[in-house]
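The structure appears right after this line, and notes come after that.
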C-alpha cells in the first residue's frame, strides 16, 4: 500500500511518533467518549460534580426519549437520504467539471475557478431568504430535493476544486494513448480517468458528505415539517427553554454518529488509501 | 455608458426580484380581515407552529388541544409543526418563512415580546376586529398592552409566564430563617446559608446576553421604581432608582451570593443548577415549578416553595414580574384565515385554558381559570398566586430586539464587574436611544 | 513534469481556435491534432457546464438579490418583501457603528488564530500519521470522527464540557490550578474556547489534506536531501514544506472561508457574549436579519463581509498563485 522507503531517523523517532499518535487519538476522541458516557447518565448524574467518566447508574432512558418521543430514527433516515443523494450528485458533477478544468482546453478556466471561489465566499445566512423565496416558487419546500439542490450547489465549488487539483496530478500518457486510440473525450473520461480518480473522488466525497450531513440552517428553514427533518434539526429540537436535556441530545448524537464511526473504522484501510494515496504519481 | 448599463441591470434585477417576491400579488388588509372573519363551513386544513409546552402529567399538551379543537370543528384538521423551543432559533425559522410569504404555518405560537415588531413588519394579522367585544376583560391588562402596536392587536392570548422566587424550604427551616421580604434580606439570608456550607450559590438568576437578562433587568428596574421608557416611548432610563437596580445586580455577583457563571445563564441553566441542589433561591418563570417538583428530574422535589419576588427595602413594592408567555399569531399569508383565526380564538377560550390548568405546567392566560377547580386541584403556587403579581410589560416597540440588546449588553458587563453600575445605566440609556431611533445594529 | 503536458500543449490550438473553419464533426478516430483539440475544447464546456449551471442557478440569484436588497429601502407588508427607493443608508449605518468593527475584529482574530493553530497542529499530526505504521488507519479513522460530527452537536457537547457549573473542563482546571475559571462568561476565555473547539473539530481536515500532500512527495526528493547530508529538521524546512505549499495553500484558503463565516459555535456556546465579545460577523448578520427583521441591513452585512473575504482571497491567491496553479503537478 505505502510506497514509502523508510527514511533516515525514522527508527529513532518511533517512540515519539507512537506517543504522538496516542496523544492525537486521545485528544480527538476524549470529548466523544465523554459524550457517549453522558448519553447513558440519568438526569441527576449528568450534572453532577465532580463529573464521572463512566455512568454509575447507566440508563437507556435518554435513548428511549430520543427514539420514541422524538423519532430520531426517522430523522436519521432523512439525513441519510439527503446526504447520500447530495454526495453522489456532487461527485458526478464535480468529476466532469474538475476533469474539464484540469485537463481539457477550456477557455476562461481561470475566470471560472475564481468565480466558483467568489460564490462560496458569500455568507450562507444571507442566501437564506432569497433561496427560500425561490424554493417556495418552485414548490420545493419540505421535500428531499428542496435540500438536495441547494446542498449540491453550495458544496460543488469545493468539490470541483479538489477534483481539478487531483486530476491535474494524473500523468498524461494514458489519456494521450486513449486519444490516439480514437476514444472521444467522454469515453476517455469514463474509462481512463475515472478509475484513476477514485482517491480524489473519495476525498471530495468525504468532504461533501460531512458538509451535507451536518448542515443546520437550511435544513431548519426549508424542511421544517416533521416528516422531512434531518438529524441536525431533530437534535436541535431536543433543546428546550425549560431545561437543557444534554442526556437526550447526546443520545441523539450517538445515534447520528455511531453508524458513521462504525463505517469509518471498519473500512479504515480503504479510507486511508482513498484519502491519501499518492500512487497515481507513479 | 457603463453606468447606464448598470442602472438597467439593477432595474431588471429589481423587477425580477419584485416579481418573485410578490408571487401572491398585492394583498389588501381589509380583504384579509374579511376572509379571516368567516369560519369556513367546508373542510379546511391548518398547520400550527408550536413549541414544547411543559406537561404536568406526561401527555403532549399540543395534541390534546388539537384533539379538542377537532372535536368542536370536525371539518377542520390541524397538524402540528414542532418549533424549536429556543426563542432565537424559533424566531429565525418562522421569520424566514413568514417574510417569504409562506402560507404555512397558518397559526404560530410566538413570544409575548414579538407583536409590535411582527405587526410592524406585517408578519402577523391584526386581530382586534376579529375578537368578540369584551374579549380582553378575561385576560391580564399587561397582555393586551404587550400585544398592541400602533392601535392594533397582533396576538391572541394563550398562556403566560410569570417570574417567581423559588426557594429551598428545607434549608430555610434548618437555619431558622424566614423568607426574605427584600433583596437586602435575601443577600443576608443567602450568605448565612452559604457560610454554613449547605449550598454553593445563594441566588440563581439569568444574566446571559439574551432576552432572559432583559426580563431580569426589567424586573429589577421596576422593583426600584425606575422607568425604561417614558409615556411617549422615549428612553427614560436613569437616576438613582435605575442605579440602585444595576448596583443590586453587581452586588449579587460581587458578594458571591450569585456565582459569576450567572453571566452565561439562561433559564434552563439556572433551573438545572437549582434542581441539582446548588442554589438556595432561584428567579425563574412559573413553568420551572413543574420541573423542579418532578421527582425523577429534580433533586429538590418536595423541598421547595415559590413566592412572588421580593422588592427593595423601603419601596413597599414587591411581587414584580415581567409579563411573559406565549400567544398565538395568525399568518397573514395563510390560505385558511378563517379557520386559523378560529383556532387562535379557541386556544384563548375557556375549554383550552382549563385544559392548560389541568395538563400543562404553565399559567393559563385567562384570569378566571387561575382560581378555578383545575388550578386548585393542581395546587401550583405559581398558578394560584398569579393574581398577586405586579406585572410589568417590556417596552413595546417595533425595534424591540435592539432595545432588548441595549439593556442586556451593559447589564451583562455590570454583572461581570466590567462596568460600574452608573456607567452601565448610562450605556443602557445611550443604547436605548439609538435603538428606538432604529439606528442600532 | 510529464503530467503538465495535456493541459499546457493543448491550450494553444484551442485558443487559436479556427472556429470559422469548423465545417463538420471530424470522423471518429481522426487523430488530426486540430480537430481533436477542437473536440476536446467543446467537450470541456460540455463537461463543465452541468456543474456550473447548478451552482449558478442556485447561488447567482440569491447573491444578486442580496446586493439589490443592500442598496434599497426594504419594507415588509402583507404582500411580502417590498423594495423601496435606492439608498446607501444600510452601509452608512454599518460603517459608522462600532459594533460592526468589533465583530469584524473578532472574526478576523478568530480566523487568523484558529487557522494558524490548525495549520501548525494539522501539519504535526500529518507528519506523525505519515510515520505511523499499522496504527495509521485506526488513528486516521478516529480523527475523522470529530470532523464528521454534526456542528450543532459538537457545539452542544462543548457547551456541556464548558458549563460553568458542572462542566468537566472547569472541574479539570480546578484540580490543576485550584481555581475554576468561568470559561464562557469572560471575554478572553470565551474567545479561547471558540478557538479550542474549532481546532478540535477542524484540525483533522487540515491534517488529512496535508497528509495527502505528504504522500505525493516523491521519495527521491528525500533521498537527494539525504545525500546532500541534510538532517531531519533541514529536510522538513527545505524539502517537505516547499513541496507541501501548494496543497496547504488550498486548505488554508477554504479554512479561511469557513472560519470567517463562523456561526454555529458562538450561536450555541455564548450567543455572542459575554457582552459582544464573541459576536462574529455572521452572528451580527443573523441578528440584523432575523431578530431585527432588517433585510436591507442584513444584506449589507453579507455584502461587506463577502467583499472583505474576497479581497483576502484574491490577495492570497496572488501571493500563492504559482503554488495554486502548480498544485498537484509540482
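Assorted remarks:
Every chain is named by a letter (A, B and C) in the order it is written, and numbering of its residues begins at 1.
In this section, a contact is a pair of C-beta atoms (placed from the backbone, for glycine too) under 8 Å apart; a residue touches a chain by one contact, two chains touch by 3 or more.
Please read all numbers here as calculations on a predicted model, not as lab measurements.
A centroid comparison over C-alpha atoms places B as the chain most distant from chain A.
Comparing the chain pairs A-B and B-C, the larger number of C-beta pairs in contact belongs to B-C. Averaging C-alpha coordinates per chain places the centre of chain A 15 Å away from that of chain C.
Per-chain CA centroids place chain B at a distance of 38 Å from chain C. Shown for chain C are the residues that touch two or more other chains, namely 65, 81, 163, 165-166, 286, 289, 295. Residue positions 47-48, 128-129, 134, 217, 236, 239 of chain A are each in touch with at least two other chains.
Within chain B, residues 21, 23, 92, 96, 99-101, 269, 272-273, 276 each touch two or more of the remaining chains.
By the touch criterion stated above, chain B contacts chain C in their complex at residues 10, 13-14, 17-18, 21-29, 32, 88, 91-92, 95-96, 99-101, 117, 121-123, 208-210, 259-265, 269, 272-273, 276, 278, 332-333, 399, 401-402, 405, 409, 412-413, 416, 418, 439-441.
Every residue of chain A that touches chain B in the complex is listed here, in rising order: 43-44, 47-48, 128-129, 132-134, 136-137, 141, 217, 220-221, 224-226, 236-237, 239-244. Taken in their complex, chain A has these residues touching chain C: 3-5, 7-10, 13, 17-18, 20-21, 24-25, 27-29, 31-32, 34-35, 38, 47-51, 93-94, 96-97, 99-107, 112, 114, 116-131, 134, 149-150, 152-154, 156-158, 160-161, 165-166, 168-173, 175-176, 179-180, 182, 184-186, 189, 203, 206, 209-210, 213-214, 216-217, 231-232, 235-236, 239, 246, 249-250, 252-253, 256-257, 260-261, 264-265, 268-269, 271-272, 275-278, 281.
Taken in their complex, chain C has these residues touching chain B: 64-65, 68, 71-72, 76-83, 93-94, 97, 99-100, 163-166, 182, 184-186, 267, 270-276, 284, 286-293, 295, 297.
Across the complex, chain A is touched by residues 20-21, 23, 51-52, 54, 80-82, 84-87, 89, 92-93, 96-97, 99-102, 266-269, 271-273, 275-276, 287-288, 291, 296-297, 299 of chain B.
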